[in-house]
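You will see two complexes here that share chain A, one where it goes with chain B and one where it goes with chain C.
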Partner chain A sequence: MKGKKLLIFLTIFFLLSFIYIDFKLSNFEKDVRNEIIKMRIFRYILVITSGMVLTSSGAVMQILFKNPLLDSYVLGISGGGLFGFILSSVYFKGNLLISIFFSFFFSLLSALISLSFSSNIKSDRKVSILISGLLVNILFSSLVIILSIFSKRDITFLFYALMGSFNHIFISKNLFLYISFFVTIILTTVFIIFKSKELDIMSIDEDIASTSGVNVKKNFFFILLIIIYQTSLIVSFVGMVGFVGIIIPNILRMAGVVKSKDLISGSFLGGASLILVADFISKYSFSFEIPIGVVLSLFSLPFIFWIVKNNFE
Partner chain B sequence: MVNIENLKFSYTKGKDFLKIEDLSIKENGIYSIIGENGSGKTTFLKLLSKLLEGYEGKIDLLGKDLKRIKEKEIANIISYIPQKIYLHYDFPVYDFIKYGRYSKMDLFGNLTFKDLKDINFLLEKLEIEHLKKRNCFSLSGGEMQLVQLARSIFQGGKILIMDEPFSNIDFRHRKKIIEIIQELKGEKIVLISSHDLGICFNISDTIVGLKNGKMVGIGNKDLMKNELKKIFDTEIKFIEDDGKIYFYEGV
Partner chain C sequence: MERLKNFSFIFLFFISNFLNAQRIISFAPNITETLFFLSYDRYLVGRTSFCNYPKNTEKIEIAGSFIDIDYEKVVSLKPDIVFFSGNLTDKSEKFLKEKNIKYYDIKMEKIDDITKGIDSIIKIVGKDYDTSKVEKIRNKILGIKKLGKDQKVLIEVSEKPFIIATSSSYIGSILKLFGFKIFEDEKPYINFSYENILSFKPDIVIFMHSFKNGKDKYSILKNFDKIKFVFLDDEKIDIFSRSGPRVIDAIDIIERDFCER
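Showing the complex of A and B:
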């Protein structure tokens, strides 16, 4: 991406961060204020990490599947992950490691189901993957609801899990695990950035990619596996947050960003900014907090319509 | 340099789609493959490019068994231009060509200074310098074909495979592509599949006829012009003049 665009992005981002952390705090006493800021910084880190990961994974999936309407939510990966997480939280109360393993396992399962569904639908590949993702999403959302009812959970928990929220952080307060997961997210992200040249060639044409020396199948599944891992982590922390991974990469493409590396790095900043704004709105627009997924979906609908109008004939 | 023995390939089990018993190409030059739609031209070229798996028999490229050639090695042996390229997202022309040498890139996707110089040389040679800063979506069919040709020459495969390079290309670009191919024939094996018999017969050193997945004749143009009825099941008329052959439908 060009330096100037990046600079504008960064400025907006920092302004947002400042407002986000310091909003409506002037009336509090100093001690309370510091305490609130600490909590907000914690939330802030979670918000921007998930914004970055969800958006960049959306960008990568759109390249992998050559479909501008995909992200981990649409393909059903998040749904599977959430089901796995809640399943394990019912049977292994509170063990974060096991929960995340379950979440990963079911994300992987849902991706496999989606892929095998779509390969059996004799339609345009762009459409068939969307349909199968939709079906898998419905399947796992229903399972999540059944599971929540059986385990006699509070119904608001279900709402926040299905629509995503940074208020109801589901996990225990084990800081060490937090940090280690954060590190794995950074490592896998760096790995994907290094894979951006393969992504570029694969986005051109798969036959050209293989005759140029790219192992298309291996790269496809490896990169998909990494995205599934990242998504399952984020889902375990904040629930299902959709659409941010669709909007930002498409806006970037509209602005003339075409190479994978630029798309991914632009997605980091754009995704983090958008999700900060959405979280801000979800927190302060009413006297109570609404799930961030609701804000994002409402905001995305016109965009999604516009993308469909431009990409599907 | 290319050696094929008892090649058998099928898309559905039990039904051979392509069956070539013996074909060998020993020297550089232009080789055309002609045949009806569905006669196996594209399948044959894809098999040679290692894009289809599960064939029986033996394919040797430059003395190496195709099944044993590693991913990155194939880039130095084959340069492949598909029949039609489906670009889903826009891409810069310069990077499109640059990625031809993916196998020589370092971890960060950089090429050596010499490689970059080669790109500029090629752009100049193919007279497409003005396209350098544009994106692929804005190119015409003919321009895109030239860019693809530049990419595959830059890749440097010893065997250049072009699947229907002349379909939907205007006259000017077609002429340019033919000129470039003819320059390349001294140093590469150029394999072309085409429905344009005129071009095939007048530029090729050897013509291969395919029918229903089987080879029905191989040879130079004087030999093959008499085999046309066998390949296409219909009378094809032509006029010979000054060593060139001009085809017409005869309607």
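Showing the complex of A and C:
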């Protein structure tokens, strides 16, 4: 995305951001407005970071697996991450660092199980990875429900964890950790963008990539590891948010974006904007906040049906 | 001179009350009812969308629902005290601690907890109240007579899934005081089955939901024709599920509608 198009897109994005933070602010008394703005800015950062990470990781996974229907949710990584997060919050009483470590460990485990399942399914690679991801997701979602029942969690917690919500409570004493996580996400994303040339070659053919001097296996697992880390981090804050990683990269491809670098960077803006709008709807459309996953599913399903129709004939 | 004295006293009383004005949010309908009952509604600035009794609650701003709390609203209402009644979640606790807002979880699960709960609320709010009103509740509960004659009462809370209220529930604890036999369990609400109906053999079935065909399943019992079925309307359902000052109404309803004289 270059020149005029980028400018229009950025203008829309900043307009959305302004509406998101400023919405009905005048309804609040002057002395609490700053506090409300502070709360909204924290949430806004979480929303756009999640949108960027989930969408770009979806784009990268689609390149790695040559499958337009993949993202961290479909592969079961989110399910594993959520299970790890809840497991640690039960045993370690909400220590954020330990929770994220657990979330990362179980995300990694779920990805490995998915890959191992898919290699044992005698079917087209595109289909087998989807089926195995689906099975792993069901497995970990069920484990999350069982764990929540045993730990006597309230049902609303489960409701929002399984369908995602940005209504996170930020604790001021954890500010340094939040900044550290944010920095690691930026650094790892920049690293992936640096690897986009290799991704381009890998997306064509593995043999061509090998003869071009690209270490396919090493790159594949290293990039996958980064995606797992990023996803587990987001899942620890917002729960399971699906489909956004499928929609935006596919829209970009439809718009003629082919290069990995453009696809990933385009996914940043697209993902952040989509999640921003979805969160706005989830926050203000009813008298209570509905999970973000509900809004995204309603938006995404017709589009996903269209992708399946065109890719799995 | 006496008049001036009285006037000064009343004036100072109002001023002191105004200066010590508390701002309260209630996240439980039974607490909201209790605050109104104690005339503490003048301090109430927020409630849930479920708090609908008494009618004046409509004037109070909604700060949350049955699903989640509107945290922005809570901040904007600048509360001094936030009340819960067994529904305080980890997330809400984290938020209130972060914002340095005092919060209290007043559990009033059974009939015995009501006066204790009211006393706790009075102590926390620390304002004057009508002592005769609280005494009336105390006396009403103490005055309950065993009119139930060991009749077995089954309280249906929902049809699908089939859930009943046990002796540990609020309504169960009231009926138990009246001498009715309620299904015993540590948990206030449990899943029930047809096998349980056959073994419990209720004499009275109370429906706390609106599914009118619910009584069909009791036709498996030999004494089906003798079973008394009681369908509670929405107002009565609220009275029997919100442990608070309307316990007086609950006791009156049981004496009037459930007990044979």
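Note that in this section the second predicted complex is superposed on the first by the 307 of 313 C-alpha atoms of A that agree within 3 Å, B and C clash if a C-alpha of one lies under 4 Å from a C-alpha of the other, contacts with A are read in each partner's own complex, and residues count from 1 in each chain.
The working rule: a residue touches a chain if its C-beta (ideal position, glycine included) is under 8 Å from a C-beta of that chain, and two chains touch if they have at least 3 such contacts.
Quick caveat, the model's predicted, so the values are computed rather than measured.
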>> Let's test your reading of the overlay: on chain A, do chain B and chain C clash or fit side by side?
In response: fit
> Is A:66 contacted by the first partner chain B, the second partner chain C, both or neither?
Replying inline: first
>> Is A:157 touching anything from chain B or chain C once the two structures are fitted on A? First, second, both or neither.
In response: second
> Once the shared chain is lined up, is A:208 touching chain B (first), chain C (second), both, or neither of them?
Replying inline: first
> What is the contact status of A:39 with respect to chain B (first) and chain C (second): first, second, both, or neither?
Replying inline: second
> Counting only touches as set out at the top, which of chain B and chain C does A:196 meet: first, second, both, neither?
Replying inline: first
>> Tell me the contact category for A:292 with respect to chain B and chain C: first, second, both or neither.
In response: neither
> Put chain A at the vertex: what angle do the Cα centres of chain B and chain C make there, to the nearest 10 degrees?
Replying inline: 160
>> By the touch definition at the top of the document, which applies to A:259: first (chain B), second (chain C), both, or neither?
In response: first
> With both complexes placed on chain A, how many Å separate the closest C-alpha atoms of chain B and chain C?
Replying inline: 44
>> Could you list, by residue number, the parts of chain B that touch chain A in their complex?
In response: 46, 49-51, 71-75, 78-80, 82, 85-92, 95-96, 99-100, 102-103, 105, 107-109, 135, 151, 155, 157
> Taking the complex as given, what residues does chain A use to touch chain C?
Replying inline: 28-29, 32, 35-36, 39-40, 94, 154, 156-157, 159-160, 167, 169-172, 287-289
> Given the complex with chain A, which residues does chain C contribute to the contact?
Replying inline: 49, 62, 64-68, 70-72, 75-76, 78, 87, 89-91, 94-95, 98
> Residues of chain A touching chain B in their complex?
Replying inline: 63, 66-68, 194, 196-197, 200-201, 203-205, 207-208, 210-215, 253, 258-259, 261
